[in-house]
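We call the chains A, B, C and D, going by the order they appear; numbering starts again at 1 in every chain.
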Amino acid sequence: MKTAILLLHCPDKPGLIAELTNFVTVNNGNIVYLDQYVDHTEGIFFMRMEWDLGKFLIPTDKIEDYFTTLYAQKHNMEFRLYFSDKKPRMAIFVSKMSHCLYDMLARYTAGEWDVDIPLIISNHPDLKPAADRFGIPYHIFPITKDNKAELEPQEMKLLKDNDIDFIVLARYMQIISPEMIAAYPNKIINIHHSFLPAFVGAKPYHAAYARGVKLIGATSHYVTQDLDAGPIIEQDVTRITHKDTIQDLINKGKDLEKIVLSAAVQKHIERKILSFKNKTVIFN
Amino acid sequence: MKTAILLLHCPDKPGLIAELTNFVTVNNGNIVYLDQYVDHTEGIFFMRMEWDLGKFLIPTDKIEDYFTTLYAQKHNMEFRLYFSDKKPRMAIFVSKMSHCLYDMLARYTAGEWDVDIPLIISNHPDLKPAADRFGIPYHIFPITKDNKAELEPQEMKLLKDNDIDFIVLARYMQIISPEMIAAYPNKIINIHHSFLPAFVGAKPYHAAYARGVKLIGATSHYVTQDLDAGPIIEQDVTRITHKDTIQDLINKGKDLEKIVLSAAVQKHIERKILSFKNKTVIFN
Amino acid sequence: MKTAILLLHCPDKPGLIAELTNFVTVNNGNIVYLDQYVDHTEGIFFMRMEWDLGKFLIPTDKIEDYFTTLYAQKHNMEFRLYFSDKKPRMAIFVSKMSHCLYDMLARYTAGEWDVDIPLIISNHPDLKPAADRFGIPYHIFPITKDNKAELEPQEMKLLKDNDIDFIVLARYMQIISPEMIAAYPNKIINIHHSFLPAFVGAKPYHAAYARGVKLIGATSHYVTQDLDAGPIIEQDVTRITHKDTIQDLINKGKDLEKIVLSAAVQKHIERKILSFKNKTVIFN
Amino acid sequence: MKTAILLLHCPDKPGLIAELTNFVTVNNGNIVYLDQYVDHTEGIFFMRMEWDLGKFLIPTDKIEDYFTTLYAQKHNMEFRLYFSDKKPRMAIFVSKMSHCLYDMLARYTAGEWDVDIPLIISNHPDLKPAADRFGIPYHIFPITKDNKAELEPQEMKLLKDNDIDFIVLARYMQIISPEMIAAYPNKIINIHHSFLPAFVGAKPYHAAYARGVKLIGATSHYVTQDLDAGPIIEQDVTRITHKDTIQDLINKGKDLEKIVLSAAVQKHIERKILSFKNKTVIFN
């Protein structure tokens, strides 16, 4: 079954759902998923709709055009249209820690994710053996603060040559430049090893230990130009006690990090995330 | 703002949402809440819709009639219609433990729940002081297995005289008769002190201790004629260790029980629960 | 059974447990609880030991003296000694929200806590009816920033006259002065409605909503002179979604707040908390 | 640092800790970990003690002998003695699902676990590529109910030839024979995909879906001859809603299963589990 997936938001008004579901049904589309939500504070209508294209009367390559003309302009909508037979292409960035990488590659290899992963990028050679185990090309860009301006354009060319749709920072320990962030808006997913906004920046487990918290957390979010301040996708926490050392926190945190990051990546692959004003709407 | 709340389910078919939202909007109703869900396995469409009646063209006392004629019969629907200005009336049944009772009375007294609680019923006198503190009439029916056939009809008369809409069993330790359950279908909420279906029946904490579980739970559900087997509304668990005695389990369980029961009662008061085939659809 | 409870910490060295348990057993005490922990980073030994005084050879009123002479001075120990027949005396401070207050009074009235609550203090009259329901004197000190220097000494006199051992701030919305904090070191328990250190200060739910977090939390801690920065006793979180308004966050947070605060108070009453360098050791 | 790890239980009596810690300290051992627990209901003392052997006066190969003579016989103790320089050897059994296998191999390869994994055994060829990626020998025994009596002895010989200390059933879908269980008492760890004792046996997610639970779980336990009834090591749950299909439950359950199984394996590797009367004592 080939489906179309429509994600949109616009100013709320009466009759939107009726009008939009009507668009699909009168054109012989069969709606297989529909969820909508109105933010009454902001007055914004959000919707995700997916329909079977089997008997849909509008040709696939015309849907975007028709929808823009008939609805998007009229209702001042922002929308994205995807097709289920077009797999998103994902790049993974890593440094030296392998837990998030292995977790994603295991899901990918088991066929759990409808995605292509044509390449892995790192600033270190350490995880090349992990990439090799799964037969995925591993590219090393030894980026530092000093050579970032020189090397990042090469990275971006590689990403472009590989038609990369989105990037996952799997404990990648370099800051992404504003240029690269601008090229991938709401398309770079990071995992931060704290329950944001607590412990922004470097060494959050050390900070958590020093503060004496009883819970540690992890947060996946889209990368924006403000460090660790982009739209949050998923968070979770786990309980610790006074007995846990910093090393215990680091170890316990790994499970959190990989589960929280993979959950965010999965939602992104399934096109179930809408970003609006530095927050996310997550459909389920 | 006075609103109407419509809860319904029917066999799924294309165009239902458009048709139903249209009913409200063409009659000058303003939809303030809409959530729907299709169970594709069963082929059933579920919906909760709430709209402002301020300018609604159909008189309040005719809505049920019109809706039945225009939609329910046509689509083989089951539906319930509520109005926000009609508070549900709730009876609480207790035995000797006070934690769930106090939790509900505290919420009620603080004005958190849009409900009336005209009476408390018990098979023991122990909690009369608690009822007195909050000024709620406390009726004692010393029901046992032997006199249930005689006393329960008196209870049911009291409930009827007080226009009781639904009943909450707040650690009430007597089994409700099939007759009474039949009179309040999906209108009796119980709290069971285990994560059902584990540890059905009496003394679940003793059973949990004996089994050596690492989590204990609580489950709120609608009462049906099969003991502890009705539609589950809410569940939660908490972690225990080998150090916890049976008494520790009982103590730790109290917090679970009261939170899980009150969460279920709140969803019921908000008319956000639909029951279908021994399961619940919980709108949020 | 009357017991002694000893809480201590000192620089770690070999043989401490043997020596300390020996102190009890050779004097015919029967140890009913023992837990110890070594912070290897700091080199500190922590212990909680409780023993039956039934046949203990040292008179109760001499134990502190003997222990100081024989062990505390020798090992550079800080220790606290309690007796199970001496109930701690607790004051509750409230403002206008009742959920934490009711939760504690329900536990107290049900006999779950081995504590006396001789009085409730507030800066507002709103919760007097709640105190009245449970027959606990309610004292109003309409404290503001401007009159705090004048009124707080009267409060402190009242606390002293009532032999108050510790204070619980149950959503009390005034800052406690440094003088009062100094008079009750690690004896004032506060509940903050966020997962600290995120959202320190006023209106944390508004801040959480603005940031778009997916979890909200609550934190109970001892009050120190740095706002919301004292030793954390207990924390917990609950999941929220984009659908939750600020008011939903406030409502959902209430359950967290009362459970997290009561958990901390219970640990304090049971003398299971040791504070060290702005962190807590929580025995279980 | 080479350490000895002692795990023991015996009837409780005064002075045990003093006596046992004394054994280490007078022989120049430095205790680096000590935790003990008394089950007052059963009257049993449990202890885990670990000490640095650097200057320990008793030769490593005599410790067991000395300890038996001096303490174990006298106090009717059961004990196990391990040395940190002897890595446990672990076999993994799998069928067709890869998520638990990959999770463990990722930890193993990253050096998180102090263990050797010399082989993987399966009743199907499907996961051979996964084993190959990590360079671990993969042995196929196509065991069915009918040929189990014939093939299992070959399996057991392979395990013996490889000095296997314990076995992890990573979603292995064959029942282990009583003979094999008897040969590895409390040394076979299974993951069951429900919160036991709910949904014992096959297809627990189907049963959970049918029952309409709001939480699904996973349970790791030692295998005994009663199906899914051995000592529980670790459990966890995750929230589901009416929207989740059976397939969603299976997918969401995978994360639970792998984390809960790996947590149990890690505790076993660290020698932090004591089994007693079908329950576990888990030191932390």
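Note that in this section a contact is a pair of C-beta atoms (placed from the backbone, for glycine too) under 8 Å apart; a residue touches a chain by one contact, two chains touch by 3 or more.
Small disclaimer: the values here were computed from a predicted structure and weren't measured.
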| item | value |
| --- | --- |
| Neighbouring chains common to chain A and chain B, by label | C, D |
| Chain of greatest Cα-centre distance to chain D | B |
| Same vs different contact residues, chain A with chain D, by half of numbers used | same |
| Pair of chains joined by more contacts [C-beta pairs], C-D or B-D | B-D |
| CA centroid of chain C to CA centroid of chain D, Å | 38 |
| Euclidean distance of C-alpha centroids - chain B vs chain D, Å | 42 |
| For chain C, residues contacting two or more additional chains | 40, 241, 243 |
| Chain D residues within the chain A interface of the complex | 98-99, 102-103, 105-107, 109-110, 112, 130, 133-134, 241, 243, 251, 254-255, 259, 262, 284 |
| Residues of chain B that touch chain A when the two form their complex | 14-15, 17-19, 21-22, 25, 30-32, 34, 36, 38, 40, 239 |
| Contact footprint of chain B on chain D as seen in their complex | 37, 39-41, 195-199, 211-215, 217, 231-237, 241-243, 245, 278-282 |
